[in-house]
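Only one structure is covered here, and it is reproduced in the block below.
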Amino acid sequence: MKIGFYPGCSLTGSSREYNESLLAIAKGAGVELCEIEDWSCCGATAAHNLNKELSLSLPARNLALAELENMDELVVPCAACFNRLVMTQHELSEKEDLKKQVSDKLQMPLKNNIKIVNVLQFLEEHIVPRLDQLVKSPLTIDVACYYGCLLVRPQKVMKNERFEDPMLMDVIMQKLGANAIDWPFKTECCGAGFSVSKTEIVGELSGKIVRNATDRGAKAIVVACPMCHSNLDMRRPAINTYLNMKMDIPVIYITQAIALAMGLTPRQAGIQRHFVPVNLTVNR
Amino acid sequence: MSKIGVFICHCGENINATVDCARVAKTAGELEGVEYSIDYKYMCSDPGQTLIKQAIKEKGLTGVVVGSCSPRMHEPTFRKACQEAGLNPFMCEMANLREHCSWVHDKNEATTQKAIDLVRTLVEKVKLNKPLYSIKVPVTKTALVIGGGIAGIQASLDIANAGHQVILVEKDPSIGGHMSQLSETFPTLDCSQCILTPRMVEVAQHPNIKLLTYAELEKLEGSIGNFKATIRKKAKSIDENLCNGCGTCTTKCPTKKIPSEFNTGLGTRTAIYVPFPQAVPNKPVIDKENCSYYQKGKCKVCEKVCPTGAIRFDQEDELVEIEVGAVVIATGFNIMQPSEFPEYGYGKYKDVITGLQFERLASASGPTLGEIRRPSDGKIPEKIVFVACAGSRDPAKGIPYCSKICCMYTAKHAMLYQHKVHHGKSYIFYMDIRAAGKNYEEFVRRAIVDDEVNYIRGRVSKIYEENGKLIVRGVDTLLNAKPVEIEADMVVLASAAIANPGAEELAQKMHVSYDSYHFFSEAHPKLKPVETNTAGIFLAGACQAPKDIPETVSQASGAASKAIILFSKDELSRDPLIAVVNRSPAPVFSTCVGCFMCASACPYQAIGEELITNRQGKVIKKVAKVNPGLCQGCGTCVAFCRSKSIDIQGYSNEQMCAEVVALLNND
Amino acid sequence: MTEFEPKIIAFVCNWCTYAGADLTGTSRIKYAQNVKIVRFPCTGRIDFMLLLKSFGEGADGIIVSGCHPNDCHYTSGNFHARRRWIMFRGLLDMLGIDVRRIQYSWVSAAEGAKWADIVNSTVNTIRELGPYTEYEKVAGYLEKEAKQ
Amino acid sequence: MVDKEDLSFKVSQITGVNIRECYQCGKCTAGCPVGERMDLRPSVIMRMLQSEDAALEEEILRSKSIWLCLTCETCYSRCPMELDIPKVFDYLRGKSYSEGKVNSESRDIVSFHKSFLNAVERNGRLHEMSLILDYKIHTWNLFQDVVLAPEMYSKGKLSILPERIKDRKGLARLFKYQFKKRKS
Amino acid sequence: MNELIKKAVALLESDSVQVIIGYAEGTGTRTRAIFITRTADCENLIFDSRCVQNLAVYLTKSEIKKLGKPAIVAPIPVLRSILQLAVENQITENDLVVLGITPQSELVDFESFAAIEAFLSTHQIVIEEKYQETIREIKAMPVTERFAYWVKELEPCFKCYACRAACPLCYCTRCTVDNNQPQWISVASHPLGNLEWHIMRAMHLAGRCTDCEACYNACPMSIPIHLLTKNMLQDVTENFGTYGPSLDKLNTLSSFKPDDKESFIR
């Protein structure tokens, strides 16, 4: 089985540590990820908001490339890219004429049937079954698993049974030895694409999330989305301004948590790249 | 030879405006076997009917075709007219020249030609009609009432008071239903149990009512006037004749932590229990699922303490067969399940409760003795939020309909809360206030104006807990859709009324139809609101659709009166349009080969066996036989029979074939 | 040459579609005259032999209609009918009898407009398919015989 | 002049969302993370579309709300009528943008999106540094985030040189391309 | 098949049965059905691959019934027919002794019909690939061409009803084709009458036919009427799941599921 890999732009830049930690655990677990040759940006919210055509053709280009490389499934760790790819696949599968138009423009065949998986689905299928052997130093802290919007919505396409209270990440964290707390902000929005243009909105929305996690005793917030991460971590000054207090709860990627539990060094997991210092040695 | 009379009705101008009635009559008159043909302005009028009657007598007609409106309209009229003139009523057929012709086509040659075709078709059919005679069926004057809530209680008392026997079957250990759980009732705020319990006692003491609690319908066979019901009496594990209801066993039972169904999980009960103090019958049952003896083989405390020796651990379910003439279904409703509200945290947060749970909190007989205390810590909530339409009018949750009772009980809940917690603040999120009923609107206004309940028009999107408060995120659509956040101590969801689990299965057992939400369907939404599609089975209360107490009681009395009307005659007369298995001279006797596939296709189990014996009494053939009391005349067996050995009177193979041939050969 | 007027026979149950067609009338919704109704107690009663007979007698098209699933007055006649139609349709298709010439439908007593729509669309379909000459040729032997 | 086939009709036609199904319960607004900040809240916009009033429709296209929407889909996931409000907003944004009706206070959001697409058009992948520079030039918002950049760089989160894809010709084709327009 | 002969002798000697229905040498290389009432004739019994006639047809014939209780030599197609006849209330377990024969030509005893069903569950009806192919080809024809094909195929039929006589499931006292009130189908062997007859025959076998091919083997004109029933068999499997006679399953057409799927009802 050939597992394709679409990193997306963030993972080559501001979310480099997400990429590093994912590849590190895949390697550690002996799972090969094949990066799509010459992949391009999915268009993100920008194309989605301004240019309907691009919002379909950009993701479709990557799907077509993955098909050309005969990939059986495609891992898309960035939740935003994942959402765009899945939504594109969904829309094109419902509209045959549109699919043909896009395929013509790409000058590539498009079967539009590749299985697209997000990082949690990937972990569940390929890493979780091996966790028993892989976990060397269990994490013994209380964590708040934060899913954000893009992994669970729209419910009709994502088909998550517990879209108000997803549990997949919680289950993985429990397997790493951590205690995933029950909290109500799992799927609240962090402010997403407004990081640069409306930073004060991010401050408020992410602030509420950070505050609730802290209030409920979490010692770290675990995420699976570069946008969520940059808003909760890099935008901490805006958060602190909104909350009028200094919050120091760290935000880590689920892949980093696994990497650490597997005994990789914090540097291998890319922890040093965070704005909010990470110290996970606090015992419960 | 056939002597058919054809009578073409103009229906004023209704038919004649587009169909040339005179020509239809004239053309029909030329058909072979037609003795007499005429058109007339109003065939259903007295003179019109006289025309038919006279023709029957004077011309010696053997069959009649009336070309007029739909047979669904006037077939009984014209058949009766024929009968009065001495012609067997089943020798009369109708051609539908109005609904199926003149009203749906423009005036032209093709329309008249179609009318001629329709008349010719029915003429060919009627030539093959045979005189038929109504079937008389005796009536068993006992009613089966299923469900012992207020609907079943009312229906039982009405039928019993009319002098007929009633068997009331209730699945729980006590009758009383949801009404017994309610605190006070809108719009008068009288205590629910105070008005209900006298009725419950009346049922128990009525000489004409036989009460079977802890029992369920297992099977229903037969048809109107003569049903045979099998009732499963679940083992109560006590001898009811010996038990005197002293209650020693329930106080001594060591298993005490079972969530009480009656108190909607807000209180507990023992394994041997009486659901509530006023229960009828006031005798306990053992809940086998939770009893230590049944589960682990040890205990028997109840047996030791019982002064009359009434405990029977070895009791088994008992099946009893009863014969009844009518059935009233009064199985009530249920409320939507907690798992359906993930965004409201129901099931996750203890202080998010349903309206029914609030009823128990507000009830003087409830777990808090009528004080409004929240389930998590027993504190009196200072701020309480009611959410109307929790599930109702919500297609995404599978319930597009309005549950009808929530607007009123939510107003009542807020009112009761304000009466009991004077300094408290209450909020109701609502979409519309539906208060159509006597004194209902006034009641809601009182809640708003006098009791200062805050009505906020908008739905709640999410409820979550933060710092010990329930944060309710809603909206006020009347303030330019301003988002509203309330920090509440308790939230009450007016969760949707849904059909009882098992309603579908019960409907199938009784062959009554049900809607897509599993509420039982009435025979006609306007004119037959208490009848079902199955004759002799009637509906009462919320099993048909959500409804409040006054409406339920009215419908129950309606259903009861339908049963009483049925019982007012000693025998029923039914149309003889039923299936028959053919008979032929020896040695064939019948062309039926006895494969009995018709029997498995019959929806009414109306097909049985008949043994054909020779003179020495030796069985020479086993063939199918239709029970005329059970057959409803659908004809499924007829279409299925390979050798055409079974046929249906009034729609026989010959008749239908003749119609097809006549209809298609018009040149 | 006059336009081809399809001859269409409709087999309907008394409780749903017949009543639905009555409602079409009461609602004064117009439809083509080509379709003529034969009333049956239930779709369960509609024998496949009658459908066959109809083609033999020169029908260009057939409509078979009854209560929606779960709405049958006799609770299950329409379910039996549906199975029979599935099998019959498969057989006819195998034999090259044009299944497009038989329109099956569920029309309830409340669906007056749907009945008109079924009638009109069936008439249009049959109009497009033209007279059922292939079958007529086969059935024609009968007439020839009769004439001889 | 009121065009009977105007906005609400087109919305329904193109998005497949039947505006008439909205019964104004407000659950979308109640759950919207930016509902407080919106000038026209989701349920109000739905109501305005139902009105078929050209003046109100114009107001929608010029509103801040459509640009404030985060497309978090919370409204859609909880809507009792299962109306895809985000899809409606997508359409409204597209229309507002193409007709030059973007609210002046929302131009920074649009500028950001434009800068983003510019950056992608150049290289095929997003180069965050270029994006931020481009955005700053277009909005004259030169000092925003000035503190973040050095730290990002020091943590290895900003690369100076962009990554470029090989098939830039194919990419250019996509950027030029417009779907065959439906009859409008 | 000495074992078979021994068994037959024993059955007749003990008077457990009065007649053995089996196969014997016929003219030329063909085999024929024999009805043995005397032990002496038992040695005529044979069984080999040439014995393809479906003997179950005799179980419902009154002439055979008169001879007394039968034992029947039953290879797989016969076993299937026996089971279907049992389902249709035409025979009971006490009415006959079944001398089952496996595909390896071994003799098996069956205590009950249920045992036959259990045995047959490991020998499901399978439509051979060559027939599937032919059916696919026919169905691929344009509809008018397909109709013409069948009209032509059915043309040689002269309504000898050998197909009916050979079919174990055509046991009606009076066939509908012989019913003239009403005249359901044209009796003459012209194209319409032939078409109607074969449609009716196939429909009457819907969900019942056990694919023994006796009809086709009996047809003097070798009309491929078995393709019609094989096609129906495929339709049954496709639409309603598994196929084959079963004691506790209701017949395909006299039963239903509320969620039966179709795509053609509007």
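Letters A, B, C, D and E mark the chains as written, and numbering starts fresh at 1 in each.
Rule of thumb we're sticking to: contacts are C-beta pairs under 8 Å (C-beta built on N, C-alpha and C of every residue); 3 or more make two chains touch, one makes a residue touch a chain.
It should be emphasised that the depicted structure is a prediction, and the values quoted were computed from it without experimental measurement.
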Legend entry - Starting at chain D, fewest touch steps before arriving at chain E: 2
Legend entry - Interchain contact steps from chain A to chain E (minimum; 1 if touching): 2
Inset, instruction - Determine, using the mean of C-alpha atoms as each chain's centre, which chain is farthest from chain A. - result: E
Inset, instruction - Could you tell me which chain lies farthest from chain D when each chain's centre is the average position of its Cα atoms? - result: E
Legend entry - Per-chain Cα centre nearest the global Cα centre, belonging to chain: B
Inset, instruction - Let me have the rounded angstrom distance from the C-alpha centre of chain B over to the C-alpha centre of chain E, please. - result: 46
Legend entry - chain A-chain D separation of Cα centroids, rounded to whole Å: 22
Inset, instruction - With chain centres taken as the means of their Cα atoms, state the distance from chain A to chain C in Å. - result: 57
Legend entry - Distance from the mean Cα position of chain B to that of chain A, given in whole angstrom: 52
Inset, instruction - For chain E, jot down the residues that touch at least 2 other chains. - result: 176, 184, 253-255
Inset, instruction - Would you give the residues of chain C that are in contact with at least 2 other chains, written as numbers and ranges? - result: 48, 53, 70, 76, 80, 84
Legend entry - For chain D, residues contacting two or more additional chains: 74, 82
Inset, instruction - Please categorise the chain-chain contact pattern as a line, ring, star, complete graph or other. - result: other
Legend entry - All pairs of touching chains, each written as two labels joined by a dash: A-B, A-D, B-C, B-D, B-E, C-E
Legend entry - Complex contacts: residues of chain D adjacent to chain B: 23-32, 35-36, 41-44, 74, 78-82
Inset, instruction - Flag every residue of chain B that touches chain E in the complex, lowest number first. - result: 588, 590-598, 600-601, 622, 640, 642-645, 653-654, 657-658
Legend entry - In the complex with chain B, residue positions of chain C that touch it: 5, 7, 9, 14, 18-19, 21-26, 28-31, 33, 36-42, 44-48, 50, 53-54, 57-59, 70-77, 80-81, 84, 116
Legend entry - chain A contact footprint on chain D (complex, rising order): 33-34, 37, 67-68, 70-74, 76-77, 82, 84, 86, 90, 93-94, 97, 108-114, 116-117, 120, 124-128, 132, 135, 144-145, 147-148, 151-152, 155-159, 163, 165-167, 170-171, 173-175, 177-180
Legend entry - Residue ranges of chain A touching chain B (in the complex, touch as defined): 162-165, 182, 184-185, 212, 215
